[in-house]
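Chain naming follows the written order as A, B, C and D, and within any one chain the residues start at number 1.
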Amino acid sequence: MAHTFPTSETTMGAALNRALRDALAADPDVLVYGEDVGPLGGVFRVTDGLTADFGEERCFDSPLAESGIVGTAIGMAAYGLRPVVEMQFDAFSYPAFEQVTSHLAKMRNRTRGAVTLPVVIRVPYGGGIGGVEHHSDSSEAYYTHTPGLRVVTPGTPADAYSMLREAIDCDDPVLFLEPKRRYWARETVELPVRTEPMQRSVVRRSGSDATLIVYGPMVATALEAAEAAAGEGRDLEVVDLRQLAPFDDATVTASVRRTGRAVVVHEASVFGGYGAEVAARVTEQCFHHLEAPVLRVGGWDVPYPPPKLEEHHLPGVDRILTAVDRLQWESEWVEGR
Amino acid sequence: MAHTFPTSETTMGAALNRALRDALAADPDVLVYGEDVGPLGGVFRVTDGLTADFGEERCFDSPLAESGIVGTAIGMAAYGLRPVVEMQFDAFSYPAFEQVTSHLAKMRNRTRGAVTLPVVIRVPYGGGIGGVEHHSDSSEAYYTHTPGLRVVTPGTPADAYSMLREAIDCDDPVLFLEPKRRYWARETVELPVRTEPMQRSVVRRSGSDATLIVYGPMVATALEAAEAAAGEGRDLEVVDLRQLAPFDDATVTASVRRTGRAVVVHEASVFGGYGAEVAARVTEQCFHHLEAPVLRVGGWDVPYPPPKLEEHHLPGVDRILTAVDRLQWESEWVEGR
Amino acid sequence: MRLVDRHGVRREHSSFTVPDPAMLAELHRAMVIGRRFNQQAGTLARQGRLAVYPSSTGQEAAQVGGVLALGERDWLFPSYRDSVAMLTHGVDPVETLTLFRGDWHCGYDPHRYRCAPQCTPLATNASHAVGLTYAARHKGHDVAALVLMGDGATSEGDTHEAYNFAAVWNTPVVFLVQNNHWAISVPLHRQSVAPTLAHKAVGYGMRGYHVDGNDAAAVHSVVAHALTEAREGGGPAIVEALTYRVDPHTNADAPQRYRDDGEVEYWVERDPLIRMETLLRNEQIVDDGLLEVYERDAERIATVVRDRMAGEDRLDPASLFTDVYAEVPPVLERQRNELAEELREV
Amino acid sequence: MRLVDRHGVRREHSSFTVPDPAMLAELHRAMVIGRRFNQQAGTLARQGRLAVYPSSTGQEAAQVGGVLALGERDWLFPSYRDSVAMLTHGVDPVETLTLFRGDWHCGYDPHRYRCAPQCTPLATNASHAVGLTYAARHKGHDVAALVLMGDGATSEGDTHEAYNFAAVWNTPVVFLVQNNHWAISVPLHRQSVAPTLAHKAVGYGMRGYHVDGNDAAAVHSVVAHALTEAREGGGPAIVEALTYRVDPHTNADAPQRYRDDGEVEYWVERDPLIRMETLLRNEQIVDDGLLEVYERDAERIATVVRDRMAGEDRLDPASLFTDVYAEVPPVLERQRNELAEELREV
């Protein structure tokens, strides 16, 4: 009988769940805890069934205190465990900001490498799910400006699986940002899967006219925009950054040198957002290849709006294409008029 | 007898003290509290004598809890007071991050303007004083990416006075970042003084060859660098940004359009730092005026180092001038080689 | 502490007395309205007219008992679960739901109702109450505050800081902890191993009260007492009201994953409304007629909510930019124009 | 709780006993060394050889008493003021000072000494101790931890969270609060109005002990007892040791701005070393000869510190980049080269 190679469809949420399962099975030092990650399986069900299948010792609910969650994870990791903790929503990671910034990020450095903290902090982040206030923040810029942290965010189910496994195996502390509105995004892929190493950006779509630089929730949106642009005769390349910090810009600079034009897109407010870093460094490194300034598209510089207005806040295909249109396709463009 | 117009020398610390005094005297709703701001006068003596002169009701020590300090200030401001609170050092403002981000910054917006929070948070920030770990962070990027906050930082004693008065009078919450290593910087100026409105950047030195874009502790360093460059025949303009958010880029873009070259300098790590925003937006708006990419100079992308290494971390005159040298003064420069 | 048992019978207590009949009737009325409001909001959530709704069915006594102890100038600091408290405090029912409807964050003017915005980041508004009452005293005003928080929220560092600031500054704040046994799916024993949550008061030099949270009379009596003491300089207090969330955490919750129906039944048998109704009937404080009036009042509010929710408000996208700063800064002015441009194009 | 009064006389106590003579001698020896170490470090700070030094003169009994109660595999979580505790725990004296000398942040390998980095952000390492002991138990190891914190630090939210996690998880941690009456310039009554800081234990379902922190015997006895109970599953505990910081907060402090000399004198009269020495002499546990040996040991360590501090270590600027991540990423590789270039140019 001939072998059939099964393929199957998975959501990003299911891929993350599978990654946690496989990590728990592979390494007895891994454990998962946080608020409601036990019997409930997390408010997004990413930890569904872990307590049932691995026992309370491996996946459990902790007291409701984010600073304490990260602080205890630091202590556990210092003693050789690999804790994977969850912050229930983006804005609820702020109480842990001091632990993340002053301890988690710096411990290796403070101790000249003697103390290694392989902690993964999972944070469902970003908007688009109609969440009330404090449930839709994109906080990546706070973390990417903090040396010592790795900040990664998957854009596809396969990457979600692979990058979470890598993050758990990694000896650096990892802020693992999960684009919550993509939890239900589907992909046909056989798990377990290993994609490119997480520190490498990947070209999700090749194109020659301009580069869309994206990550997390915007990967799918950018691909959609590129499709739409193709209809209008513009061939856009889409680069998915994946690991935001420390950042390896080889892929993205190579792309921009080729296309000569770029737009960085994220959900976060543009001002002081991660896109500023990307735009600045791409410009530093590709200046003479650029036909137009690197433009940035994102949320407005306002607090994340209520559900009924989020469609006007979040960048979508139209806002991206408008930016692409502004990339000075005619030659006699001069700014400041 | 002829009138003599007294002039006098003041330090930045004394100017801030005077601003607090004058604000306390001018408005009974102003009050000052925090850790050690009472009888001790603050660890930098910025609140020296306020308790003695205005009474315990107006300037006092609170329990040692930064989140509580900001949280109570929010409540006070909601009831019509104008609290000025101190975070003893930059890194010790992190415990208050949730209060700042999720409440202080957003309250006006959340309530459609019904609740105004005229809170000033004074934060001595930055390095250069030989402080041990957690005493030298430059945390401006965390705050400037948070819509709803005003983030300001003075570079001179006169500005310190004027901007603090303005900040206290302002109906927006203000993160008032005090460049601690300039507390002892002197200037001959008669107090009270009112300088330019804080939201406006100012040209501290005119020049035609390139623009140094700076703020806070780097204003003095940039002026020094410009002096040194003048000796080598390069005429640098120095723009002091002052209010970092919300940012009014008119002054700086006008300068860069004139000079065609720019370097942004700050103490903070470059990656994801405030300089990225400045570089990105200046490039967006001045692209065809630029002879070279806007470069960034700052601390390395590492945790703030111990005292004995900080000289190698902090940008000084040399690092700035090296960046200026890299502004492609010869015409056939191509990046990426 | 209990003043009325689950069969609606008065219990003697050495230091607390049952509120007078008028207040008992008022407590009941507010609970009837609250119960109906929760139901109505639940329906709207199921219909998709609310983005989310955290019901407080089962907790009416705690909310109503606490709020009706407040004076004229006192402030309420509610969490997301405290719609019934807010309603009782006088906040407009539709404005109470603005947050959950997704129209805006805070749907009302906090100053108008002396009611802080519903708080989602747990425990973070507790210190606001401390600051507000401090400021009021500073200005010579007699203003106390009631902070509502859950059992889970007591684990947060912000709770500790607020308790401590209140105690050290001796501000008139009562922290009413609605211990409904669960923080979403996390049971109390994973949150605290203290004998009671009221015991936490000891560590702050505060008074702590432990009360049957399904006994509106008891909650009212204790909170009123604590507020009086606090006003007179006796310091803040923690009141733990033992109660139960009968409904799911929100309409999006799946309680069957973490709790037994039996537990819910146990608490349904201890329903705060039935208990109070029995007392009121037995003691002839209210008759059928008045009870019907309460039901009608409740129904009327439910209808108002339903009707006013029926229409779809047009939200002006430009309002995104207006209340970020006291004045719209140039950078937001430009963005407002960009958005207007976007909207013109589609 | 006191076992030895300020005149060096034993006091009876129903549940605690004075440690055996060998331990008393050991406690004294460690205090003598600690006192001398503080002096030496103070001198180095005055000479500018240390960037800053927070002395613990006056607090030796609390630190030494706590640390000597630890077992072989137990961990210490010190703050910046706990050099004496660290020294007693076995940390190299010069490595203890690395932080203050400005050579690096943490001067030692925490695993080697089972000693966490000295903690500057107040109260933040308390939860680390909870996590570490949790992990040890998870791996089947018998490891307890002693967290040192100040009175001021108890106001921080992180303290609360750590206490609570420890209690709920039942991890073997003893939180030793050195109540030295001041948080820099802020007196205790502005920090807490609880009867004692040990009372905070009640709110976590923990045991709390209040002890004379200048009585090394008492501190040792109580901490040893609390550790034993904790190891046996009895849960964590708070031990409040009442003591006094005789020196300024650090060499940069100006205590005359906030406290009277009289207060200092009061505490100097209650010096922990004199008390212990009196006891040891009266009970002939040590003689002049042994006391001289202790002094010599102390002097020897002071000399070692002085000598090893005399030279100026050459710090390699490139070390800025090495331990930020497990591997040096390309972006830091480039920056390392840039810095090397800078250094070549000057």
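Throughout what follows, contacts are C-beta pairs under 8 Å (C-beta built on N, C-alpha and C of every residue); 3 or more make two chains touch, one makes a residue touch a chain.
Everything numeric here is computed off the predicted structure, so don't read it as measured data.
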| request: Using the touch rule from the top, work out which pair, B-D or A-D, shares more C-beta pairs. | output: A-D
| request: Would you identify the chain whose Cα-based centre sits farthest away from the centre of subunit B? | output: C
| Once you find the CA centre of subunit A and the CA centre of subunit C, what distance in Å lies between them? | 36
| Between subunit A and subunit D, centroid-to-centroid distance (C-alpha), Å | 41
| For subunit C paired with subunit D, centre-to-centre distance based on mean C-alpha positions, whole Å | 44
| query | Do you know which subunit B residues sit against two or more other chains? | reply | 62-63, 65, 67-68, 91, 94-95, 98, 102, 106, 109-110, 133-134, 147-148, 246-247, 271, 301-303
| request: Give me the residues of subunit C that touch two or more other chains. | output: 104-105, 121, 155-158, 160-161, 164, 168, 190-192, 319, 324, 331-332
| So in the complex, which bits of subunit B are touching subunit C? | 31, 57, 62-63, 65, 67-68, 70-81, 83, 95, 98-99, 102-103, 106-116, 147-148, 150, 170-172, 199, 246-250
| Hey, which residues of subunit A end up touching subunit B in the complex? | 67, 91, 94-95, 97-98, 101-102, 105-106, 109-110, 133-134, 141-142, 144-145, 147-148, 245-247, 253, 257, 268-269, 271-277, 279-281, 283-290, 292-296, 301-303, 333-336
| field | Residues of subunit A defined as touching subunit C within the complex | value | 35-36, 38-41, 43, 61-65, 67-68, 91-92, 94-95, 130-135, 271, 300-303, 305-309, 312-313, 318-319, 322
| task | Enumerate the contact residues on subunit D facing subunit B in the complex. | result | 51-52, 80, 99-105, 120-122, 152-153, 155-158, 183-186, 190-192, 252, 254, 257-258, 315, 317, 319-321, 324, 331-332, 335, 339, 342-343, 345-346
| field | Interfacial residue positions of subunit C with respect to subunit B in the complex | value | 104-106, 108-112, 116-117, 121, 124-136, 138-139, 143, 157-158, 160-162, 164-165, 168-169, 319, 322-326, 329-332
